[in-house]
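The following pair of complexes shares a single chain, chain A, combined with chain B in the former and chain C in the latter.
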Partner chain A sequence: MKRASSWQVYDTELESRLFIGTALYTSPQIMLDAIKASQAQVITLSLRRQMPSQTESNNQFWQLIQELGCHLLPNTAGCYSAEEAVKTACMARELFDTDWIKLEVLGDSYNLQPDPFALVEASKILIAEGFKVFPYCTDDLVLCQKLADLGCKVLMPWGAPIGTGQGLINPYALEVIRKRLPDMTLLVDAGIGKPSDAVQAMELGYDGILLNTAVAEALEPDVMASAFAQAINAGRLAYEAGVMPKRDNAKPSTPTLDQPIWQQYD
Partner chain B sequence: MSDKVEIDINISMERMLSSDNFNIKVNAENKLIKVGTTISKLLSDMDVNGRFLVVVNDEIIPKSAHDNTRLNASDIIDIMSPISGG
Partner chain C sequence: MKQYLIIGSGLVGRLLAWRLISKGHQVSILSSDNKTGTGSAGFIAASMISPATEAVQTEQKVKHIGQVSADLWPKWLAELPEEVFYQDNGTLVIAHNGDESEMARFTRRAEHILSSDDYAELNQEELADKEPQLAQQFDKALFFDGESCLDNRHLYRILTTILTMSPFCDWQQCDEIDSISLTVLEQLSQHHFNCSNDVFDEVIDCRGNGAKADLLGLRSVRGEVIRVHAPEVDFKHAIRLMHPRYPMYLAPRPNNEYILGATVIESDDMSPVCVRSALELMSVLYSLHKGFAEARVLEMASHCRPAMKNNLPIIKRTNWGLQINGLYRHGYLFSPAVITDVLALLEDKVESIQFGELFDV
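Right after this comes the complex of A and B.
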């Protein structure tokens, strides 16, 4: 099977265009199997105030993560202010020994919608501190432009609210971001429910997909992870191959010239 | 009209137990430790191992400083660990 071209994320070359989360799996082994099946090279994870010695599962989790050998993308999940997010990012850098940070600053607890103002504020501080910021943002073009102006090399607008599996609620907005920021590395993060959602995003020209729930909550997470890997590859290949333009009128695909029975109806 | 007298129970208990001890908070729980306790000693006493990060009063303390950093009364210690995330 032909694979889509490799790509770069903050100077790191990657083959897989799928970033996958480590949460919500029913067991550590199911998580491990799913991540392996996804062929993802970047995994997301987080940090909390917990005693490693008091939570054996915590140490087991870290051992499995190391076994995977993937690039780590820690998040600032659960932060509702720029200050909290910056503090969490600094702790994540020290704990995970990476300057990559998936920046989440939420503004509303109902749909976990990112706060665009706090996101810009936190991005500015973190970029000045040398972080490589992956902001989880809404599909607002002007917000994306502001984040790009600050120095974000990757943007991750949502397809739909986290964990909803609703797919791309506003493909028009995502397409406009792609067109207006042609050189930006773009991933759709959150809301992807099924492989066809991922194909749709990749066909729009998005560089990658970040997802978690759609795989973790599948009946067979490893099989779903494989389905997403193939879908994302297919979507990217389609984008690189060049999708035909839509037409209003039908156009026969079989040549009509010299058709033997035509003359009977002349 | 009666006068009220407020007593800080934690401080009083500390003094009753020993003047060589004081209270700190570790992951939001009170803990009585001896004066001069370093971060390394605290972690050892609490059997903390694996991958973790120590934050004292909102300041990240690198591992290289654990042996030499002595804790003070009322310090707030957070021990952070990796968890799953999306």
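Right after this comes the complex of A and C.
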């Protein structure tokens, strides 16, 4: 199977365009199987409840994650203020030994919508502190421009609220961001429910997909992970190949030159 | 008659010791916990025996192993000198209106993992028939017939009495045993039992979390519970509430006492219940029935369950003995089945082992 081209995230070369989460699996074994099947090279994990142990005994769950050999993208899930998110990010940098941070600052506990104002505030502080910030944001163009101006090299607008599996609720807004920020690395984060949602985002020219629930809550997570790996590759290949423009009138795909006239004007 | 050394006196250790002396064997127990068992996860547990509802949240195998235990529990409890509270009225699974998608998810998994006669969908009238006080807040439920729970602390007390009184059991407390080897066993046997380790036909390690240094891949999963006395609430079923963060379970005890448990946290943190969990547990109680507002909080407790990567038990042979571990949050659901298989192994009746896939011997 032809693979899409490799790409770079904050100077790190990656083959896979899928970032995958580590929550909600019914056992670590099922999580490991799913992550392997997804071929993801970046995994996200939340600091709050998957902490490397602060005692001298080893946290086995943490060891399992390390054994995967993936790049770690710690997140600030569950933070509701810039201050809280910055503090969590600093702890994550120390514990996981990475300056990557998926910055999540929520503004609404009902649909877990990012707070754009706190997100900008926290991004500014974290970039000054030397973090490589991956902001989880809404699909608002002006917010994305502000985050880009601050120095974010990656933006992760939502497809739909976290865990809803609604797919791309506003593909127009996502397409506008892609077109207006052509050099930005863009991932759709949250809301992906099925592989065709991921294909749609990749065909729009998004560089990658971050998801968790769509795989973890499938009846067979490893099989779904494989489906997403193939879908994301297909969507990227389609983007690289150049999707044909739409036409209003039908155009036959079989050449008509050698057909008798009576058939053409039948 | 054979002579066994059991290390650890949690649920598996004490149940196994009891089964062995019942069969006429001689048992020595060595444990760092007190004889009441307060350091054991099984002492804190809600002790629900729910093969089908647990299978929905994990995998099909859980139902098969759990069903064997569910059939054994009433028989084993009947052999005890006192009656232990055991209620097999079944489990009700419910969700608040705002969490209907969680209920839909549970139902979809139930359809995938179970057969349709494992459960029934109840409307409000049918729910009111089974659990009138619950039907005041909820208009539908899934019902899993035959699932049960027991009074674990009473069971612990009785087993402590049996084992300490029995002339065939010698139970000694010791310091924590981090790592076992033949040398360590020899020292321990000499020190605590005035004998050589060679005396024992088999050493069986039931230390749970304490066995981490000797069992690769063993990890801890933290859980938190609240125990209340609620005279205004009269539930007769185990209740599971689907919740976006994690499922909650309410297990009834005698005299209007209830245990609400939740939280599956990947951590070996043994510190007390945190405020956030306490708030969540208490608000869930209140949301189940307003009568919980006047309940008295008897206890809040946390513990860690020992688990392997697949969250299933393991029975493993080492050069110094047999290890039983990884019962995860399924101590009561799995231990009779696992112990029955271990007894078959010890008695060389390998052909009657039912869950060979759990064995690494």
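Keep this in mind: the second predicted complex is superposed on the first by the 251 of 266 C-alpha atoms of A that agree within 3 Å, B and C clash if a C-alpha of one lies under 4 Å from a C-alpha of the other, contacts with A are read in each partner's own complex, and residues count from 1 in each chain.
Here, contacts are C-beta pairs under 8 Å (C-beta built on N, C-alpha and C of every residue); 3 or more make two chains touch, one makes a residue touch a chain.
Everything numeric in this text was worked out from a predicted model, so none of it was measured.
J.: Touching A:T254 in the superposition: chain B (first), chain C (second), both, neither?
T.: A:T254 sits against neither chain B nor chain C.
J.: Considering only touches as defined above, state whether A:K87 meets chain B (first), chain C (second), both or neither.
T.: Only chain B; A:K87 stays clear of chain C.
J.: On the A-aligned overlay, A:A77 touches which partner chain: chain B = first, chain C = second, or both, or neither?
T.: A:A77 sits against chain B, while chain C stays out of touch.
J.: Would you sort A:F61 into first (chain B), second (chain C), both or neither based on which partner it touches?
T.: both
J.: For A:L32, select first, second, both or neither according to whether it touches chain B, chain C, the two together, or no partner.
T.: second
J.: Where does A:E217 make contact in the superposed view: on chain B (first), on chain C (second), on both, or on neither?
T.: In the superposition, A:E217 contacts chain C only.
J.: Thinking of the overlay built on chain A, is A:S109 touched by chain B (first), by chain C (second), by both, or by neither?
T.: In the superposed model, A:S109 contacts neither chain B nor chain C.
J.: On chain A, which stretch or stretches are contacted by chain B in one complex as well as by chain C in the other?
T.: 49-51, 53, 55, 59, 61.
J.: Over in the complex, which chain A residues touch chain B? Could you list them?
T.: Listed in rising order, the residues are 21-25, 31, 44-53, 55, 58-59, 61-62, 65, 74-75, 77, 87, 90-91, 94-96, 162, 212-213.
J.: How about chain C: which of its residues touch chain A in the complex?
T.: Where chain C meets chain A, its residues are 57-59, 105, 108-109, 112, 212, 217-220, 244, 265-269, 309-311.
J.: Would you mind writing out the residues of chain A in touch with chain C in their complex?
T.: 26-30, 32, 49-51, 53, 55, 57, 59-61, 64, 163, 217, 219
J.: What does chain B use to touch chain A in their complex?
T.: The touching residues are 27-28, 46-53, 55, 58, 60, 62, 78-86.
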